[in-house]
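A quick write-up on the structure given underneath.
Each chain gets a letter, A, B, C, D and E, in the order it is written, and its residues are counted from 1.
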Amino acid sequence: MNLSLLILIPLLTAIVILTCKNIFAVRWVAFIGSVIQLGLSCALLYFYNAERASGNLGQMLFTERHSWYAALNIEYYIGVDGISIAMILLTSFVVAAGVLISWKMETLTKEFFFLLMLLSVGAYGFFISLDLFTMFFFLEVAVIPKFLLIGIWGSGKKEYSAMKLALMLMFGSALVLIGILGIYYNTNDGSGHHTFDILKISHQHIPLSLQMYFFPVLFAGFGVFTAMFPFHTWAPDGHSSAPTAASMFLAGISMKLGGYGCLRVATYLMPEGAHHYSWVIILLATIAIIYGAFATLMQKDLKYINAYSSVSHCGFVLLGIGMLTKVSIEGAVMQMVSHGLMTALFFAAIGMLYERTHTRQVAQLGGLLKVMPFIGVVFVIAGLCSLGLPGLSGFAAEMTVFMGAWENPEIWHRFATVLACASIVVTAVYILRAAGSSVMGPIKDEHFRLIKDAEWNEKLASVLLLVAILAIGMAPFWLINLVGPDSKIIMDQLSSIGGF
Amino acid sequence: MNEIGLPQILVVSTALFFIGVYGFLTRRNMITMLMSIELILNSVNINFISFNKYLFPGKLDGLFFTVIIITIAAAEAAVAIAIIISLYRKYKSIDVEDANSMKF
Amino acid sequence: MAVTSLKVFRAAIYLLFSLIGIAGLYFWLNYEFIAAVQIVVYVGGIVVLIIFSIFLTHQSGEDMKAPTLIRSVFASIAAAAGFALTLLLINRHTFYTTSEKAVEPSVNNIGMQMLSTTEHGYLLPFEVISMLLLAAMIGAIVIAMKIKPKA
Amino acid sequence: MGKEFFILMKPELSIMLIIFFLLFLKIWDGIKEKSSLLSIVNLLLLLNFVIGFLFNKEGSLFSGMYHTNGIIAFEKNVLAFGTLLISLMAWDWLKKHEHMLEFYILLLSTLLGMNYMISSGNFMMLYLGLELSTIPLAALANFDLDKLKSSEAALKMILSSAFASCILLFGISMLYGTTGSLSFSEISMHMDGGMLQMLAFIFVFIGFAFKLSVVPFHFWTADVYEGSPIAVTSYLSVISKGAIVFVFVTTLLNLFSNMGTSWYHLLVISIVLTISIGNLFAMRQENIKRFLAFSSITQVGYILIGLSNGGSSGSAASIYFLIVYIFSNLAAFGIISMVSIQTEKENISDYNGFYKNNPISGWVMALAMFSLAGIPPTAGFFGKMFLVTAGASKGNYLLVAFASLNMVISLFYYLRVVKAIFINKNESPMETIKTSFPIKLALGVCMLGIVATGFYSGIYDYIVSILK
Amino acid sequence: MLHSKLIALVPLLPFATFLLLGLFGRKYLKNFSGILGTLSLLVAASISFYAAYEYFFVVGKNAAGVYEQIIAFKFTWLEFSPGVSIDLGVILDPISIMMLVVVTFISLMVHIYSMGYMKGEERYATYYSFLSLFTFSMLGLVMASNIFQIYIFWELVGVSSFLLIGFYYDKPSAVAAAKKAFIVTRFADLGFLIGILVLAFYSHTLDFQTLIERLTNHSEYYTTITAASFMGVSALTWGLVLVFIGGAGKSAMFPLHVWLPDAMEGPTPVSALIHAATMVVAGVYLVARLFPVFALSCPPALQVVTYVGLFSSLFAAIVACTQTDIKRVLAYSTMSQIGFMMFALGVSGYGGEEGLGYMASMFHLFTHAMFKALLFLGAGAVIHYVHSNEMKDMGGLRKSMPITHITFLIACLAIAGIPPFAGFFSKEEILAAAFHSNKLVFVVAIITAGITAFYMFRLYFNIFWSKEKVIDHAHDDHSHDSHGEGTKTMLIPLIILGLCAVGAGFIPFSHLVTSDGKVLETEFNPMFSIGPVLIAVSGILLAMFMYKKANSKPDTVSKALGGFYKAAYNKFYIDEIYLFKTKKIIFNLIGKPAAWFDKNIVDGCINLSATITENIAEALRPIQSGKVQQYAIWFFVGVLSFSVLFIYFWTN
C-alpha cells in the first residue's frame, strides 16, 4: 500500500478541479476524488489489518522514507499505525460527506472544491507524517484554506471569524514550531545529527528541564487546534460563520489535528513533561468540558450550540490524553473519531436546515420533523450521538474515556472524571433543547411548510456519516482493537520513565 | 609644532563630525543639510589622513580612501542637488519640513 | 557657523572657509596631493555647485526658517553626547603604530599606486569610481533636465 | 591578468559591457522602437544571467581587493536573475518612459556596485560598491519625473543614505585607525577588542543596517518605497537588500564575529526591534507599496535571525530565504505594478473584490502573500522555517518564540490583502487588468519559484554544498 | 439445556422490526407495520414463555437445589483491559426469566392494543418501530450479563421512552415532557455511571457474576473497596448508592420522580408499557440484580433503598389522591407501588427466610406489571372514548364501556390488595417482610396500602360511576367516533390482562424467584392478612362514600384539609423547586455566566490582545512623520544608544 497516494489523490483532484471548465465537471471530479479517497482509506484499513494479522510487528507500517532536505535531516517519512488509520478513515468520510453536502455550491465552485481538497491534503499528510517537519508542514497547509473557505463562502461576521480563526490557529502552530525546534535541537538520530524523525526521537531522552518548557508549549500549540480552553474561542465564531462543508471539516478534521498532535508529538515524545503537566491538562480539559457544556446551554444559534459542544467534546479528548492511562488514551482516540463524524453530521444537518429555512436561530425554528423528516431525523440522531447514546459512536468513546480516566486513582483525577461525567447531563439538556425546539414542536413559520426534504446528495452524505457512526457505535471493538496496540506503545513510553 | 599630534587632530575631526551631525539634524534647508554632510565627510577625511600620517605611514590606504571619499562626495552632491532642484520645481520650496507628503 | 547661519548663502561661504582650512591642515601634514584635491574638488567643485543651486532655488537672500527650539536643543544634546562619547573613547584608546618605512605621499607615488594592479595597487577602485561618476552624471542629468512638455 | 582575470570578473565585466553598449545605443539613437530596445536589453540581461553560470572559479584579484568563489558567483547570479525579473516586470512602465536607456544604465551600475560589494576584500571596495549601488538608485527613485512623491522619495533616500554612509565612514576610519588596515583579513588580525573598536564596529554595522532597513534605521524605507517607481521599489526591496545580505554572508559575518558575543546580542536586539516595529507599522498601512515596505522590514528581521546563527546553516538559510523572498516579493510587486499602471490605484482597499475580474492575478497575489507570510505549501514556509531553525541552534528559544509569534501578527496583515482580494465586497470592483507578455512571463516564473522552490530541495542543497 | 441461540432471538426480533419499520416503514409498510410488529413480538413472547418453561421446569434446579445462573451467550463488545470489558451477553436466572416474560408479554399486549388505539395515526409505522426499539432495549436490559450492558440498554430505554413520550412532537407539552423525562433520568444515570466506575475499578470487572462474586466473598477486591473511603463512607457504599440513584431515576423514586407524571403525555399504550409495567421497574430490577452485594456487603446502602422506597410510596400515594388527570393518578400510583417494591428489597436479607422481601418485591413487580398495564390500557380505552384525561369530563361510563369497566375494576381490586386478586398476594408478602424486619416500615406501608385503595377507587368511581356526563363527539373530527368501546384489538388485551390480574397471584413465586435461588417456603397466614385487607376495604368504602355519586363531599374534605390538600394537589411543589433549580441556578447562575464569561472574558482577552497590538501600532504611527530630519534624529539616537548599550552595558 503506497501511502503517498493519500496525499497525491486529493492533490491531483484539486489540480484537476482547477482545470475544469464548468460546475458540473468540478462537482463530479471532486466527488470521484473523494470517493477514491474513501476507498483508499478503507483499503488501507484492510491491508493494515491483514499485515498485522500476518504478524508484522513494526510500530509503523507501510513506511516510506525519502531524504528531503538532507542538510537539516528533514525527511519525507510517512507511515501509519492504528491511530493514524483511525484518523485517516475519519478524514475520508468527512471529506466525502463534505463534498456531497456542498453539491449545490454555486459561487466560485471551482475554488471551493479546490480548497476543500487542499485541506484534505493537509489532513492526510499530517496524519501519516512521521517526520516532525513534514508534519508541521501539513499542519499549516490545513490552516489557510479554512480562512478562505470561511471568508469567501461564509455567513454572518465571516471576516472577523475567518481572521480570528486563522490567527489563532497560526498562533497554535507558532507554539508547535517552537516545541518542534526544541525537540529537534535536543535529540539526534544516533549519528550525531539532529533529527525530526518521530520514531528516532522517541528512543531518545529529551532532558527533563527542557521537557518542562517544551511540553506545555507544544501541547498548548496543538491544544489551540483542539479548541482547548482558553484557546477555544476561534471555534464558535469560526464554525458559525463557515459554510457547511467548512464547518464539517473544521470540527470534523482539523480539530483532530490538534488532538492527534497532542498525543503523537507532545505526549509521546515528552513523557516526563506529560506526567508533570498532566494535572494542568486535566484541569483545562475539565474546565472545557463543563464550561463548554454550560456555555452551550445559553446559545441560541444552532451552529454556536454545536461549536460550543465541540469544545466540550474535545475536552474529552484532552481529558483522555491527560489521564495518561492506556484506556483513556484509547478513549481519546475514539472520541476524536467519534466526535469528528458526529459533529460533521451535526453540521451537515444544520447546514441543510439553514439552507432551507434561512435561519439558525433555535427560537425561529420548529416542527421541521414534519416538513423534512429525513433531515429532522438526521439532526436528532446527530444530537443523540452527541449526548452519548449507546449504539452511536459517542457512547463507546466517552465511556472508554471515563473508564480510562477512572483508572487513575488520585482523588483529583477522580474529581475531574466525575465532573466530566456530569457533563453528559448538561449535554442532554442542551441537545434536547436544540432538538426539541427546532425540529420538534409546532411549525413556527408557515413558509416552512413549502420546504422540501433532502436531495440525493445530502442523503448520501448523511448516510455515509451515519454508517460510520453506527459502525463505531454498534461495534466499537474493531476500532479499539485498531488503536489499542498503539495506545499501548504510547503508554509504554509514558510508563517507561517510572511515573507510576 | 610637536604638541599638535594625533589626539588634537582627532579632537578637531570629531568635533567637525558632530558639528556636521548637528547641522544635518537642525537645518531646514535641504542644501545646508547637504553642506553638513560635506562637513562630516571632511571630518572623516581628516581622520583617514591623520591616521595614515601618524600611525600607518607604510601604506597609503588612508590617502586613497580620502581621494575616493572626495570623489564620491562630489558625485553624491551632484545627484543630491539634481534631486533638490527637481523637487524644488514641484514644491517651490527647499524646506525639508515641507517634503512630507508621505508619512505614517 | 556653516551650520548655524540662517542665511543660506553665507552658510555656503562659511563652508568654503572651513574646507579651505581643512586643506590647510592637509598641507601641514605634508599631504599636498590631498590638499590640492581638496581645494580643486571641494572648493572648486562642490561649493560652487552648491552656490549655483542656491541661486537656482532663488533663496540666497532669504532667511532660512530657524529650526524649532526643541529640535535644536535635542540635536545639540545628542551631538554633544556623541562628541563626548567618541572623545572619551579616543582618549582611552591607545593607538598602536606600525614601524614600517613611511611611503612618501608624492604625486608620483600616488599616481603609480593608483594605476597599478600589483600589491598596493588601486586600479580597481579607480575604475569603479569612474563608473560611479558616470552613473551619477547620467542620473543627475536625467533628473535635473527640464521635463519636456508632453505632446 | 589574462584569462583568469576575465573569468573571475566575468559578472562585472559583462554588466559593464552591457552598460557601454547601452550608452552606445543611446548616443547612436538608431533604434526608435521602444519594445525592440526593451527586448534587446532583456535579452542582454538574460545573457548576463546565463553567463553567470559558466566557468565559475575561485580566486582573488587586485591583491585581495576582489575575490570570488562559488557562493559569491551564485549570489551574483541570484541578483542578476532578480534584476532580469524586475526588468521584465517593468516592461509596460518602461515602454512609456522616455529615459528608458538611462534607467537601465543606472540600474546596471547599481548592480555592478553590488557585485563589487559582494566580491570586495577590503573596506574601500565595499564602500565604493555601496555608494555605487546607492547613488544611482537615488536618482532612479526620482525616475517618475513628473511625480512629486518620486522626487521626495529620492531626496529622502539620498539624504538618509548620505548620512548613513557618513556614519559608516566614520566607523571605517576608526577601524582603520585602530587596526591600520582596510583589508578584512588584516583587520581580523589586529583586533584588540577595545571600546573604540566596538564603537567602530557598531558604526559600521549601522551603516549596513541602514541599507537593510533595520529598525531604528529604517525610516527612509517606507517613504522611499511609496514614492519611487514600482520597478525601483521592487529593486530596492529585493535586490539591494539581497546584496547587503549577501555581503553579510560572504564577508561581514566573519568581520563582525570579532565582536564576540556582543555581535549576537546586537543582532538579537535588532531582530526584536525590526520584527516588531515592522509588524506594527505594516498592520495599519493603506498604501500597498508602503505596506510591502514595512513587510520587507519584518522580513529583514527574519533574515537577521538566520544570520544570528553565525554558521553555514544560517547563511544557507538566509540565502535560500532571499531567493524565495525575491520570488514572492517580485510577484507581489508585479501585480501591484500591473494594477498601478492601468488604474493608478495603490491602496489596499482598491483591491476589494479584485478576484472577481482578475482571478489569476488574484491567486498570484494571494500566493505571494502566503509565501511572504510563510504559509505552506509556498516556498516562503520553507524559507522561514529554515531561518527559524537556524536561529534556534544557539538555544535561544525565546528568540524563536518571539519570531514565530510575530509570524502570527504578520499573517494578520498579509491576510488583509488576501481578504481584500477574495472576500471584501466592492460595488465597483477593479476591471480586468490587461498586461503584456513579458510581465506574464515574469509572474509565471515567480509563481513557479514560489511553488517549486520549497518542494524541490535541490536549491537549498546546492547552497549548502557551495557554502562548505 | 436451553437453546441459547433461540434466546438471543428474543431481543433481536424487535430490533429487526425496529430497523425494518424505521427505515422503510413510512413509505412501504405503513399499513402492515402493526401486524408486523405484533407478529414479531408474538414469536418473541412465545420463545420467552418457552424459555421460562425450560428454565424452571426442564433444566430446573441443580444438585444444590438452586436455580443456576446461566450465561447463554456472551460477546465481547468493547474491551478496555483484560478482564474489564463490555460484553453483550444473555444471563438467565429466575429474575431475568421473569422479566423476560413480563416484558414480552406486556409488550405483546400493548402491541395488540395499539393496533386499535393508534389506528389512523400518521406516523403509525414510526410508532411501531419505536415500540420495537423499546422492547428490544428493555429485553437487552433484563438479559444483561454485564453491568455496562445494563447501562447501555438503560440509556436506550431512556431514549426510546423519550421518543415515545414525544411521539406527538408537535405538541409542545409532549416535547417538554419527553425532554424532562430524559434529562431527569439522565441525571440519575450519571450516578449510575459513576457507580459503575467505582465498582468496576475496585472489582476489576464489569461482569455481573464475577462482580458479585468478588464483592461478596471477602476477597482482596472486597478489602480494597471497603478500605477505600471518601468523606468517611466506604467506596462500596458510594458505588452502590450511586448505582441506586440510577435505579431511582428510572424508577421514579423521590426526588427523581418528577418526570413520570409528565411522561403521561405520551400515547397511553406507551404509558402502559413503559411507564407502568417495564421500564420504571428497571430500577428495582437493577437493585435486585446486584442484590447479593447490597445485602451481604453493604447494609447501609440497602437502608437508603428502604427509606427512599418507603417515602416515595407514601408521598406518591398522597399526591395521587388529589390528582384529577386519570393518567397522572395512575402515574403516581405506579410510583407508589414501585416504592413498595423498593423497600421490600430494602428490608430483605440474603437467602432463606431473610430473603422474603426480595421474593415479595419480585412478586409484586410481576403482578403489578399485569394489573398496572391493565389499568393503563383501560384508562386508554376511556380516554379514547372520552377524548379527555380529566376526571371531570368523565362519569357513568360503566354502561357504555362494560368490558373496560369490569377489567378496570379487577385491576383496582388487585392493586388495592383484595383477595384473591394478584395484588393481594404480593402485597401481603411485602407487608410480612416489612413486619419481620422493621416496624416503622410496616406501619407506613400499611397506611400507604390504605391510601392506595382509596385513590384507586376514587378514580374508579369517578370514571365509571358518579354523575353521567354527556360525551360530546360532535366537535370530534376523528373518523372513529362510532367505535363504542373500542376495537377488538383493544379489548382482547384488556381481557387477557384482566385474567392475569386475577390469576397471577397464584403462581408459586417463592419456589421460583428467590434471592439465593433456593426455594423459600412461605406460609400463608390469614390472621396477618386481615389487618391490611380491612384497611384496604375501608379505603375503598371511603372512596365509595365520597365519589360514587356526584356530590360536594370531596370539596368539603379538600377545603377542610386546606393547605395540605393544595400542596398535595401541586405535588408538594417539587416541580417548582426543580424549575427554580434549573432555570434560576443552572441557566442563570451557571449557564449565563459561562456564556458571558466566554464571550467577554476569554474571547475578550483574545480580542484585547489584538486591540492592544493595533493600538500600539496606532500610537507608534506618528514616529513615521514623513520628515526626513526626524528620521535622522531617530537614526542618530539609535546610533548613540546602540553604542552606549554595547560599549558600556552589554560588553563581552
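Just so it is clear, a residue touches a chain if its C-beta (ideal position, glycine included) is under 8 Å from a C-beta of that chain, and two chains touch if they have at least 3 such contacts.
Fair warning: this is a prediction, and the values are worked out from it, not measured in the lab.
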Query raised in the report: What chains do chain A and chain D have as common neighbours?
Result: E
Query raised in the report: What is the minimum number of touch steps required to go from chain B to chain C?
Result: 1
Query raised in the report: Among the chains in this structure, which pair is joined by the largest number of C-beta pairs in contact?
Result: B-C
Report summary line: centroid check, CA-based, most central chain -> A
Requested in this report: Name the chain whose C-alpha centroid is farthest from the C-alpha centroid of chain C.
Outcome: E
Report task. Round to the nearest whole Å and give the separation of the Cα centres of chain A and chain E. Result -> 36
Query - Separation of mean Cα positions, chain B and chain A [Å, integer] - result: 65
Report task. Round to the nearest whole Å and give the separation of the Cα centres of chain D and chain E. Result -> 77
Report summary line: Per the C-alpha means, the centres of chain C and chain D lie apart by a whole-Å value of 29
**Report entry** Multi-partner residues of chain D (at least 2 other chains)
**Finding:** 124, 128, 131, 135-136, 138-139, 142, 145, 154-156, 159, 163, 177, 180, 195, 199, 222-223, 284, 412
Requested in this report: Scan chain A for residues touching two or more other chains and write them down.
Outcome: 167
Query raised in the report: When you check chain B against every other chain, which residues touch at least two of them?
Result: 17, 20-21, 24-26, 28, 33-34, 51, 55-56, 64, 68, 72, 75-76, 79, 82-84, 86, 96-97, 99, 101-104
**Report entry** Which pairs of chains touch, using the document's own definition
**Finding:** A-D, A-E, B-C, B-D, B-E, C-D, C-E, D-E
Query raised in the report: In the complex of these two chains, what residues of chain B are touching chain D?
Result: 17, 20, 24, 30, 33-34, 37, 40-41, 43-44, 47-48, 51, 55-56, 61-62, 64-65, 68-69, 72, 75-76, 79-80, 82-84, 86-87, 90-91, 96, 99, 101-104
Query - Parts of chain A lying in touch with chain E, wherever the complex brings them together - result: 164, 167-168, 229-230, 232-233, 236-237, 291, 294-295, 297-299, 308, 326-327, 330, 367, 369-370, 373, 384, 387-391, 395-396, 399-400, 402-404, 406-407, 409, 411, 417-418, 421-422, 424-425, 428-429, 432-433, 436-437, 439-443, 475-477, 480-481, 484
Report summary line: Per the touch rule, the chain C residues reaching chain B in their complex are 2-4, 8, 11-12, 15, 18-19, 22, 25-26, 29-31, 33-34, 37-38, 41-42, 45-46, 49-50, 53-54, 56-57, 59, 64-67, 71-72, 74-76, 78-80, 82-83, 86-87, 90-91, 95-98, 100-103, 105, 109-110, 113-114, 120, 122, 125, 129, 132-133, 136-137, 139-141, 143-144, 147
**Report entry** Of chain E, residues touching chain D in the complex
**Finding:** 610, 613-614, 616-618, 620-621, 623-624, 626, 628, 630-632, 634-635, 637-639, 642-643, 645-647, 650-652
Query - In the complex with chain A, residue positions of chain D that touch it - result: 313, 316, 370, 375-377, 381-382, 385-386, 388-389, 392-393, 395, 397, 400-401, 404-405, 407-408, 411-412, 415, 418-419, 422-424, 457, 460-461, 464
